[in-house]
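Following are the structures in question.
Both of the next two complexes hold chain A, though its partner changes from chain B to chain C.
What follows is the complex of A and B.
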């Protein structure tokens, strides 16, 4: 029974499930070094998922996604360092997480109102404006002394489980690893559920043919703004998850540099699937920490080359292409065995359809 | 006159110095089927763009169900109950046939954005199953829409427009590029939605055979105006129509 259940699961969900089991079991055998590296990478993975949602699912090529990651990191830091004017006494991690989600979401809402409602910006124009925004915000934070200017904010506290900065501190590798994994799975699940809902389908429709969708009665500008804000909220959550582990936030987290990096992770992993984007982020970071010492300065060249190759030849991304290949293989195998035909309106992925 | 579903008066739109639509008047009843014919460039598609909100008129007014809809945004016009099928089949190629219809079906609850997810779905599946039968694509429900033939794409788009539950449908050359058989099938579909579902239909057409099959009222448009209106047999006998259009 489990076998039939597994064979009917979507390949993407299956891969995500297997990866999750591996990650859950990893602390049994891995060094605490690797675990603490991975827990930081989980925040990058969640960040990549936010861009995969905005870019891959909603067709909004955001070249400044790090603005929201950075805003989340700064919001968390300001709260837990007791720097928010008027409420200095409130240093709760939970409040920090709430601020790290709300502040970027509001910023994206505001930006979306201008870009989608007022201007109706589309395609590359949207990308260019977000690029400019990333530059401006980075400059702003470099010159803003209250948030530490170029030096940023140091000694950001770790996650503290108590209601107001008291209680158990998540400092050791294993608990921190599981906490970071939990936040990643949580954010991932929210995005995945939204993408699979009818609302998510409508978003895909907006990306695929906006005029048609508008003529069905959809306020497409409103849809894009909401999606952009949700992507920003998740990016902000990822930023908060990063800073509670790293303990330090600086303007380099909020600008174009990191925005370009996340774009590379997502393009390499695969923007069409959340799990591929997450795996792409983790993979690139793991390779980078192991190979950059070997390759030295040529590492960036190598990464750039890989990016170009993937954009030109593997539009699904490296991981996405692998999952897609697996999907086709499973469909072929199922076709060879007994195929219990469902009702006429069953959902088939395009590859399964071709295989029939 | 009450009872008019759509009332267009003095509608004009010019591009530069060219008057594409010039003082256009039209009235459509709640279950009428009207075919607009006319030579290329007579302003037919511009007329549809004006009604559906994709273009703003220079002058004139459009009233739908007694309310002024002139110059309203396309999604608001669609919400008021006017569905439109574009000349070039406009479907979501990377979604499956049933997903295409599901997008259209969600248009109404989706007005509330994310809140639309909390609305009940009772009866929707059956309605969609009926609809997919009406457009004859049951067998292809799971297929990506990009794999459909030209005719099937047109039917799918008509199905999507129907799924939003409109009172009036604008069909822009629904049979362009279709085979005889497909055209016949389309005529049946148009009649079914007009008679059985009680939807008023305005269609732009070039294929006179199709117009003849539909046996509907015909308006002849020339240089942005209606120059004649009547049933097919009356209209085809008019000298100016013969000269300008039927050859």
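What follows is the complex of A and C.
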């Protein structure tokens, strides 16, 4: 019975489930060093998922997604360091997480309203404007002394489970690992549920043919703005998750460099599936920390080259292509067996990719 | 009076440099529908060409000639290897050229190191203008920029190839049906745009400190300039670059460089929102 259930699962969900089980069991065998590395990479993975949602699902190529990651990280740091004017006494981690979600979402809401309403900015122009936003926000934070300027903010406290900065501090490798994994799974599930809902289907329609969707009576500008804000909120959550582990926030988190990196992770992993994007981020980071000592400065060269090749020849991304291949193999095997009720991972023809 | 003259000269100097950069960007976008995020790195390559000739002991003027040639040739290769394969996917051109820009930045870091370099000022003399000394080299830059922009316009409006190119901007499919070799035109266009960026990089090299990340600081205002000016017209970047360049330079003089960028950005986005096609935009046919 379990076998039939498994064989009817979507390949994407199956892969996500297997990965989750592996990650849950990992602390049994792995060193605490690897675990603490991985728990930082989980925040990158969540960040990549937010971009995969905004770009892959909603068709909004955001070249400045790190702005929201950085805003989340700064919001978390300002709250837990007690630097918010007026409420210096409130240093709760929970309040920090709330701020890290609300501030980027609000920023994206304002930006989105401005850019999308009426006859809004189309694909490529949206990308350029978000690139300019990333460039300028980074400059602003470098020159803003209140948030530490170029040096950033140091000694950001870790997650504290008490209501106002007291109680159990989360800094040991294993509890931190599970906490980070929990936040990743939470954010991931929210995005996955949204993408599967009716609302998510409408978003997909906006991405593939905006004019047609508009004619069918959908307020596409509103859809895009809301999706952009949700993506920003998740990116902000990822930023907060990053900074409570890293303990240090600087303008390099908010600007152009990290925006470029996350784009590479998502493009290499696969923009069409959340799990592929997350795996891409973790994979690239793991490879980077292991191989950069071998390749040295040529590592970035290699990564850039791989990125170009993947854009040219593998629009699904490396992980996405692998999942897609697995899906085809499963579909072929299923044909001979019981009734093929399981729905295959949705396939995009090359022309549909062109439409993005 | 004299300080007013200096401010006006500085502002027009910056606007003319921006025009040189934005023109290449606009030609590539207008003719090929390719959004070239590596344009800033083409600029950087031009500047580093001058640097390597200076390191080899050659004169600056040789670098000034070599830079557009080298970068133009490089653009030709890139067009053939990368850009050609993503023409039909506009958003992917952004990604591919972005990847290219990372690649170029890192290559420069590998060859020249991450630190900054400087180029000797080729003309150290000053000229008296309205009683204030002004560096002669900056006047030379303005002259070069005006010359190149005029030459580009003559090319587009007075030659047969220029006519064909404008035909492609107006309607690519129709132009191809009428027997224009769009493939060759694409090669030429991309190479020309790259060469303009290379020239701009070589020209500004003595004024700035060269580091591998200098491209972005010019790419963003240049993009804002062509968005403000409008797309699908070769005249548009002139208006855009003048607007963006003068605003940014004046704001930087009277306020601070950071506020200047913020003001330019907000104004530019407002203009883009109010006039989605840009100030001089024409309706483009969707292809």
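Points worth noting:
Going forward, the second predicted complex is superposed on the first by the 337 of 356 C-alpha atoms of A that agree within 3 Å, B and C clash if a C-alpha of one lies under 4 Å from a C-alpha of the other, contacts with A are read in each partner's own complex, and residues count from 1 in each chain.
The rule is simple: a contact is a pair of C-beta atoms (placed from the backbone, for glycine too) under 8 Å apart; a residue touches a chain by one contact, two chains touch by 3 or more.
All of these numbers come straight from a predicted model, not from anything done at the bench.
More residues of chain A lie in contact with C than with the other chain of the pair chain B and chain C.
Once chain A of one complex is fitted onto chain A of the other, the partner contacts of A:217 are limited to chain B, with no touch recorded for chain C.
Judged by the touch definition given at the top, the superposed model places A:197 against chain B, while chain C stays out of reach. Looking at the shared chain after the overlay, A:297 reaches chain C, while chain B stays out of its contact range. Contact with chain B, but none with chain C, is seen for A:205 once the two complexes are overlaid on the shared chain.
Of the two partner chains placed around the shared chain by superposition, neither chain B nor chain C is touched by A:77.
Of the two partner chains, neither chain B nor chain C is touched by A:65. In the superposed model, A:125 makes contact with chain C only, not with chain B.
Contacts of A:308 after superposition: chain C is touched, whereas chain B is not reached.
Applying the stated touch rule to the two superposed structures, the overlap between the chain B and chain C interfaces on chain A comprises residues 353.
Considering their complex, residues 197-199, 201-202, 204-205, 208-209, 211-220, 222-223, 226, 344-348, 350, 353 of chain A touch chain B.
Considering their complex, residues 35, 37, 82, 85-86, 88-92, 94-96, 98-100, 102-103, 106-107, 109-110, 216, 220, 223-224, 227, 256, 258, 261-262, 265, 268-269, 272-273, 276 of chain C touch chain A. Of all the residues in chain A, the ones that touch chain C in their complex are 61, 63, 114-115, 119, 121, 123-125, 127-129, 131-133, 135-136, 139-140, 143, 256, 260, 263-264, 267, 297-298, 300-301, 303-305, 307-308, 311-312, 315, 353-354, 356. Chain B meets chain A in the complex at residues 52, 54, 74-75, 78-79, 83-84, 86, 90-96, 98-99, 102-104, 106-111, 113-114, 116-117, 125, 128-129, 132, 138-139, 141-144, 147, 160-161, 164.
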